[in-house]
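Data block below; observations after.
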Amino acid sequence: MNAIEIAEIAEPTLTDPVLIEGLPGVGHVGKLAAEHLVEELDGELVRRIYADEFPPQVTVDDEGVTSLTCAEFHAVTTEGDGSDLLVLTGDHQAATNDGHYRLTSAFLDVADSFDVAAAFALGGVPTGELVEEYTVLGAVTDAGLKEPLEEAGVEFRSDEPAGGIVGVSGLILGLGERRGLEATCLMGETSGYLVDPKSAQAVLEVLQATLDFEVDFGSLEDRADEMEEVVGKIQEMQAQQQGIPDEELRYIG
Amino acid sequence: MNAIEIAEIAEPTLTDPVLIEGLPGVGHVGKLAAEHLVEELDGELVRRIYADEFPPQVTVDDEGVTSLTCAEFHAVTTEGDGSDLLVLTGDHQAATNDGHYRLTSAFLDVADSFDVAAAFALGGVPTGELVEEYTVLGAVTDAGLKEPLEEAGVEFRSDEPAGGIVGVSGLILGLGERRGLEATCLMGETSGYLVDPKSAQAVLEVLQATLDFEVDFGSLEDRADEMEEVVGKIQEMQAQQQGIPDEELRYIG
Amino acid sequence: MNAIEIAEIAEPTLTDPVLIEGLPGVGHVGKLAAEHLVEELDGELVRRIYADEFPPQVTVDDEGVTSLTCAEFHAVTTEGDGSDLLVLTGDHQAATNDGHYRLTSAFLDVADSFDVAAAFALGGVPTGELVEEYTVLGAVTDAGLKEPLEEAGVEFRSDEPAGGIVGVSGLILGLGERRGLEATCLMGETSGYLVDPKSAQAVLEVLQATLDFEVDFGSLEDRADEMEEVVGKIQEMQAQQQGIPDEELRYIG
Amino acid sequence: MNAIEIAEIAEPTLTDPVLIEGLPGVGHVGKLAAEHLVEELDGELVRRIYADEFPPQVTVDDEGVTSLTCAEFHAVTTEGDGSDLLVLTGDHQAATNDGHYRLTSAFLDVADSFDVAAAFALGGVPTGELVEEYTVLGAVTDAGLKEPLEEAGVEFRSDEPAGGIVGVSGLILGLGERRGLEATCLMGETSGYLVDPKSAQAVLEVLQATLDFEVDFGSLEDRADEMEEVVGKIQEMQAQQQGIPDEELRYIG
């Protein structure tokens, strides 16, 4: 195998496609959001990307059949006049610095082959505490991209996130800009401790408004409810250990 | 030296050869099983694979003579009409992600040069507790491979092992499938704490039934007896520390 | 992206340019000194160096606009007959041994393209205690370079620093010498625990005297005052924890 | 810089040269032995090997002049009819598995360029306790090499050292054998806790007898005396902590 191999599965014609990236990261916000788009909008698998940067691993499905670890591009055709979507998902980031650069370059090569001119890297930004209002932070490769995003409720804060944007999301912007791509990072605020479907929904609502498409959030809301139950049980267990009476828990959960 | 070097030792003619891989892993199940085949069925050394992914190391034999760390392929001619075997053994996996990919590609190149069309990756799957019945789990690159394995007692469980299959075994399936190889992973259940000859025997019994050859298990049973003695002594020591009287140990060991 | 990419931003004509390197290190002495030169002497950005050795990261500015991690060369034109300066700054060293070699080679390629014949690597040397007098230690690729430096107050001590000089600074000398470059390392003594603008000033004073240019130290002195306040507060907090009365603190701070 | 660069310093004519390797390792036995040969027998520097596997580092000498980290080959002309020596010394092993392979290959290229047909890798083998009699263990690429070594007092023990021989010494044998080199590893027994000049002397005495040259051990014996003083002081300090009266120490030291 070469260091990176791109398997071409389908060649649909896309209208003004926009790259949407959602790989694992803080709160799995980006991954949840991107996978939700693929599932709800009947994405078509168009590319698999195999890379020796990924773990040497196969997954096993419910039939006992294996699949080599890879990242996937799905084409999503939206209704109306808006852009179609080219959605990048997967279970892994790269394992090394230079691997991140090589992998993101390959991802951008695929985007180029579909004539993508704009990209949205989706992710989470950790707040360290439970989030009440799901603000979405933004960062862009060009100040001219900010206005429509601010209209959709995205906040741009000076020098935030403080540590910059790392991993594939960061390089979609950094390397993308060097290729002439208009790239935006949308980061949903999230505690950083839990998988966060609500933060993913907040990010998708911005994307909906900006790119003019519609997606149903029922299944994300179900996952959010499940997560709330989990959080509730954890709080109950902690309270019992600390001897807090049951009635008071209602005010915490 | 190149990154990987393949030394050609012998060129026997093999009938419908099947690749059998058994490198170090959980309970050393795969390694024990593969080495047992080579020893009992008089395998002929056909290839040595040197790789800069392996530790920079020579081993020293009982005469004080050194050998450079390598993986080895032995050809095993079986009696009857069944497939001959091409058995891959060694003392090391790769040290890095990309090393696993490069090394397994080289292993598959060797298999290709012998016109191998099917592969069995042997290994263990950890249960975390002492195993009473030695079940063998399976995973396959194609659902059509399952029936004869299920007849031989192999269990296929939905999404198991949960973490997928990693290392050379995983890539024999993952990269093998991309080359058109029919590949199966046989995983003997094992505690995960000890070298486990009984689990290796369970895996080999499945292989025997599937590939229609016979192998004597005397030496593996001897090793299993030795391991049981070791386990017995450990339990005795633990019991003495905890003050359990000797008679009761009979029911534990 | 290639492993290292050099973006050419401007091509000013420089008079006998001297390479000045100041990347992150002990007390950030070199980085503070080099950045001070660029700011005070109106350096012109001439090159950006992108490298897959750097973290996969973009920084976000006060407008929410991102920039891919890189190292930068600024051209600084000095008044009078002295040499012009080619100043290398950045936020990162390399992440691996071979990355340091490849990165420094690229830096020296840029220096070569500007016909640089001499280099000064700036850094700090840790003393492990608060520094009263800011001595500057020197090391050179050729003993003939020492005299003017000693006249400017630089100390050369036998076999110091004991661990040699590591990172890009070390290789500017080590690889530079192999290209025929006259290279000097100037190391300001610093505690090693804090960012140290005073040590940076001591290093720049040597550079001023040696290369015959002038720079204002006002902003560095301001940063030194800020650091002293920080140190003062830390000492106060420690004293309160240990129950030392306030009056005595005046003699410590 | 290339990954590995060989600087040619001198081209003396050597008679039947034998490669002697002594890089850092257990008890620094090999390094002490090899450096002693170069110093006592007036070795001539013939090659410097620079490698991006080495730390990015320059050392600073007693004049403040820097040198890029490297390994060195010295030519040693012996008196009488015996072989001349090509002695490899340095301050570093490689930092990665594949680095060890690439580096040792480069070392063997240099040996080939001097028509070396035999090699001795020098090192220490840890015993875990203070050594009274300095036995030298051997390992060879070919059983035919053992007889003259056994006559010189070298012991060959079945499967020892248990973990094999690692690092450059191991690969001098492993990769050397694949090039047709007759290679021997001489390992002086040493506690493993301290730099051990006595073990280095034991190794050199075997080398003297085997290769028919003579070297004075005065300076090594001086270093051994210094080390004994250090050991004595450590034992004294430990005894004081444990309250052992001074008289009894005479029997320990």
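Some points to look at:
The chains carry the letters A, B, C and D, assigned in the order they are written, with residues numbered from 1 in each.
In this text, a residue touches a chain if its C-beta (ideal position, glycine included) is under 8 Å from a C-beta of that chain, and two chains touch if they have at least 3 such contacts.
In this text the structure is predicted, and so the values were computed from the model without any measurement.
Between chain B and chain C, the least number of touching-chain steps is 2.
The set of chains touching chain A and also touching chain C is empty.
Each chain gets a centre from the mean of its Cα atoms; the one farthest from the centre of chain B is C.
As for how the two copies chain B and chain D face one another, under half of their interface residue numbers coincide. Centre-to-centre separation between chain C and chain D, using Cα means, comes to 39 Å.
Each chain gets a centre from the mean of its Cα atoms; for chain A and chain D, those two points are 55 Å apart. Contact of a single residue of chain C with at least two other chains is seen at no position.
Contact between chains, per the stated criterion, is found for A-B, A-C, B-D, C-D.
Interface residues of chain A, counted against chain C in their complex, comprise 94, 97-98, 100-102, 104-105, 138-143, 146, 156-161, 164-168, 170-171, 173-175, 177-178, 185.
Interface of chain D with chain C (complex): residues 1, 3, 50, 52-69, 95.
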